[in-house]
Amino acid sequence: MALRGVLRLGEVAIRVLDMAEARQHYGDRMGLHEVMEDAKGQVYYKAWDEHDHHSIVLRQTDRAGMDYFAFKVFDDATLDSLEKRIKAFGLAVEHIDAGVYPKSGRRIQCVLPSGHTMQLYAHKEQIGNSLGYRNPGTTPDEGVIRGFRINRLDHALLGGINIDENAKFFTEVLDFNMSEKLIDHDSGATLVVFLSCSIKPHDIAFVLQPEANKFHHVSFLLESAHDVIKAADMIGKYRIPVDVGPNRHGITRGATIYYYDPSGNRNEVFAEGYIYYPDTPTIVWDTSELGNAVFAQDNVVRASFLEVLT
Amino acid sequence: MALRGVLRLGEVAIRVLDMAEARQHYGDRMGLHEVMEDAKGQVYYKAWDEHDHHSIVLRQTDRAGMDYFAFKVFDDATLDSLEKRIKAFGLAVEHIDAGVYPKSGRRIQCVLPSGHTMQLYAHKEQIGNSLGYRNPGTTPDEGVIRGFRINRLDHALLGGINIDENAKFFTEVLDFNMSEKLIDHDSGATLVVFLSCSIKPHDIAFVLQPEANKFHHVSFLLESAHDVIKAADMIGKYRIPVDVGPNRHGITRGATIYYYDPSGNRNEVFAEGYIYYPDTPTIVWDTSELGNAVFAQDNVVRASFLEVLT
Amino acid sequence: MALRGVLRLGEVAIRVLDMAEARQHYGDRMGLHEVMEDAKGQVYYKAWDEHDHHSIVLRQTDRAGMDYFAFKVFDDATLDSLEKRIKAFGLAVEHIDAGVYPKSGRRIQCVLPSGHTMQLYAHKEQIGNSLGYRNPGTTPDEGVIRGFRINRLDHALLGGINIDENAKFFTEVLDFNMSEKLIDHDSGATLVVFLSCSIKPHDIAFVLQPEANKFHHVSFLLESAHDVIKAADMIGKYRIPVDVGPNRHGITRGATIYYYDPSGNRNEVFAEGYIYYPDTPTIVWDTSELGNAVFAQDNVVRASFLEVLT
Amino acid sequence: MALRGVLRLGEVAIRVLDMAEARQHYGDRMGLHEVMEDAKGQVYYKAWDEHDHHSIVLRQTDRAGMDYFAFKVFDDATLDSLEKRIKAFGLAVEHIDAGVYPKSGRRIQCVLPSGHTMQLYAHKEQIGNSLGYRNPGTTPDEGVIRGFRINRLDHALLGGINIDENAKFFTEVLDFNMSEKLIDHDSGATLVVFLSCSIKPHDIAFVLQPEANKFHHVSFLLESAHDVIKAADMIGKYRIPVDVGPNRHGITRGATIYYYDPSGNRNEVFAEGYIYYPDTPTIVWDTSELGNAVFAQDNVVRASFLEVLT
């Protein structure tokens, strides 16, 4: 008990159209650390304050979007236990041997009702955050924190069908909690669900879409709202296309800016937001307050934010 | 799984020498919200962004310090399960009926190896953070966030004997994880243990002391390091005695200031610090780097910080 | 020498359509301090860290916009000297006796080539910033800094004709310096001039408009970019119409948000920006980089920002 | 008029005991840009957002302290005018030809009543802040802002005799204004004077000392209090000896940290503080509030801060 089971979003595999441009974006500009290129030309990144070998995988192909996402779980026993529960829920589970994914132990994989491919794994090589584990100090060497000063991969928002089923799966099978949801004001239909396995307001979220397996954005945690402003300055400097921001979300209360990678995949950097605990009621937003729910500093809904997915 | 079991430090009961002075300190100056005075004259406070009825209880008596602390757990089943595990560990468990503590369901209580009285409870009346749960927005009415702009009770550091036993209890019985520890450079003896049940670097910590059941400090979470600076400005304005700060901890990487309430109990307000996960190695500090471990912006150990407990 | 002559923008007289709404906006929400209502129903405000009696005057009428703006100058001798220089430049100068404007010494007034009415005065009653002048401390009592946490009136941007003439007037007659200007990329025509009498990047600015004597915005200084974010949160909470922001200007490098008062007059709160000195070259922006010049975090020009004036 | 005459502290010449250590300190760690080493081995630095060629000059010798400081004035006519006024005040004026000081036009030099050598100059080569003057954007290339993220040389505090005479000289001859002063509570004797030629709370300050021509500290401006915290983190990382801080000054209201260079010269980095205008009363602090005057977040006077000068 305490924090056990599913720990965190540990890996997001993003499809890009041009690896050179993607490297400039994720590495040179955003400041993620490139840790490996594999034999297939996939490029692996970590944020500075992550301990695992990597959290972002880029694959060049002719269609943008997300191949899969993966959660890291507490241990092997968790994997076994969750496999049973996933099957009991009615989803097929695929086994992936250790080493198939670089630096990673065995994985289990399933396709969610929303159409997304999700993996779970208990082991990935840890290379640390450069500070070490003995008298580490607080501050890495100059150059380690760079670019947008990203601390960690934080969460993803995915678009798809059957998101009520997804919510049921995450809460009943994976023991996530629904921190917030957005519903249609008139019909009450669920439009977006925010799901947490920790004390963050969300670790994963799903937005209803007519098409399965779509990618809305991947989000990275910054240390402070100050750093959101500075990231926005760099986004402007590099003429990175901005979707929305800087602004503050009503949902999660995070300070945010959304922008696009060169392939059209949406990224977010954010900071702040409240501490969530599973014993508080789910916050419900409806579309009568859609503007406030998404961008609470001006209450303006941006069409692109609702419509552009990869 | 995910976040289950013990959720958070939910209540700290502090002894004060003069309730009028304490009210000025915790209420008027720090800006906690007084929610109740009970028939015995005990005064109850909550921080603005907490949902439960209260998190701090003040009792006037002739000796400063802490009466008890209490963790909120996920549900009644957790209480039952933990009772068995606590007894199996060898500690006596006392039952406290619902209602004995105001607004609270039943509690179980034990005395830790360090001498501190710890309670667990699964239910406390929730009064919310003033924003509501339907289209809440992000920003409470002016005056709700006030004083030091405290968001939440965060953790406590307690001094006592047998802290290795305490660490064993918290990790083996309550499923906490040891995020960091400070050891003696020469003997290797454990001096301080930092224990997390969440993704915070600590939810409770214990420092070795020759005397059992001592109180080092209770700590409150602010939104940002900016707010630590502003709290420090107010601390200076009110001539509140400062123990240390502003500074940054090596341990936890939090931005901090320590000060005393009028009874001599140490308080902390802090912000920032890293996201902790239980699959990373315990960070070990030793006394050869004691300065950096405690106050990493000047590496200076303050005697008062080591020696003053209530 | 040193800082002498024209000191600062000391007064902006704004026309509002409904005084009750305006009071809610400027007083209750923005947090300016109402210091007086005069016999004609005009309402006077100061920001907390200003020393003079007031800096904003609101007058209810049926057309929004600005009646006049006024600079405070160093002393009476400056007034006399500037009167001669203004006349030599060819503008008519009107004398206004002490006391005609409340709390104010005598003023001189002229109509600028752009069509705006400008006043100069050397004396206004000082009521201080609440801290006093003997051992003042750093932090006013709780409630003094409130709302958007505005420190000071900072500058205004005015729209009109003949702005090259205005620039000539300000630099040659009033000894202002041109810190930056925006020109048309093709014709080289001057579109906006930024004029400083201090080490701020601007104390007044003029944007070319087909119509004389228009008002673009009045701007208030916040302590930090953090406070811009917090002001934006409140703007969103109160559903105040946002024009643009939060964002950062290319011109002046200020962190900004623009919004409208209930009468449609544009306001700005901002922080940061560089320190300007008159011995550095005028920065020139042209319309090929208009987006970056105005909103450098997304390089997007907003039509409303160019077109809405009162 | 407006900002004319003496513009700013443009150059501080510091004596260091070991140039290699000094280079590591001022260049590698603080992040000032080394722009030149002259034939005598003196090393020249600028902060990133300064336009002039350099503002700090280091000279290796066997005694720490300051050789001289220099103000940049508006133009040659100012130099001529000030020379007359300085002589009329009774100080000897020395002429220094253009080129004697690298990249610099002619200078005039005098020895102040406090014993310090002051120079004035109207011209120094400008190399800009790397952004250019045509469509400059807001954000320099990565690596330009580095280390402590220092924007500018801001002011110096010098210790010496006859500081009342110095104050008279600066206010009567150079048209500075006295923003604040610290006096002895009992005798009323002046202990520190804060003198401004701009809208900064001080451009130069003098503290009474039994010995002439002493150096208390040179201070650099950061963009925000956030950056003060980050600089403090780096100061701690590099084990740079900290004198005081982080804290906030009562005088000037700046957020500050003081530390020593390897030769024992005190440095400060700071941010915030109020906007000063010469038409407000001089703020007077007395020694009954010495703690609040110097370090207002804990009201503690540090002996080292009063006693260590080079």
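Read from first to last, the chains carry the letters A, B, C and D; within each, the first residue is number 1.
FYI, a residue touches a chain if its C-beta (ideal position, glycine included) is under 8 Å from a C-beta of that chain, and two chains touch if they have at least 3 such contacts.
All values reported here derive from a predicted model rather than from experimental measurement.
**Student:** Among the chains, which one keeps its Cα centre farthest from the Cα centre of subunit B?
**Tutor:** Farthest chain from subunit B, going by C-alpha centroids: C.
**Student:** Copies subunit A and subunit B touch; is their interface built from the same residue numbers (over half shared) or different ones?
**Tutor:** Homomeric contact, same residues on both sides for the most part.
**Student:** Between subunit A and subunit C, what is the gap in Å from one C-alpha centre to the other?
**Tutor:** So the centre of subunit A lies 43 Å away from the centre of subunit C.
**Student:** How big is the gap, in whole Å, between where the Cα atoms of subunit A centre and where those of subunit B centre?
**Tutor:** Each chain's C-alpha centroid was found; their separation is 30 Å.
**Student:** Which integer distance in Å separates the CA centroid of subunit A from that of subunit D?
**Tutor:** 47
**Student:** For subunit C, jot down the residues that touch at least 2 other chains.
**Tutor:** In subunit C, the residues touching two or more other chains are 137-139, 224-226, 233, 236-237, 248, 292, 296.
**Student:** Contact residues on subunit D for subunit A in the complex?
**Tutor:** So the residues of subunit D touching subunit A come out as 137-139, 142, 146-147, 224, 226, 233-234, 236-237.
**Student:** Show me the residue ranges of subunit B that touch subunit D in the complex, using the header's touch definition.
**Tutor:** Subunit B reaches subunit D through residues 225-226, 229, 232-233, 235-237, 239, 242, 245-248, 255, 257, 292, 295-300.
**Student:** Would you mind writing out the residues of subunit B in touch with subunit A in their complex?
**Tutor:** 1-8, 49, 51, 72, 74, 78, 81, 126, 133-139, 151-152, 174-177, 196-200, 221, 223-226, 248-250, 253, 272, 274-275, 277-286, 288-289, 292-293, 296
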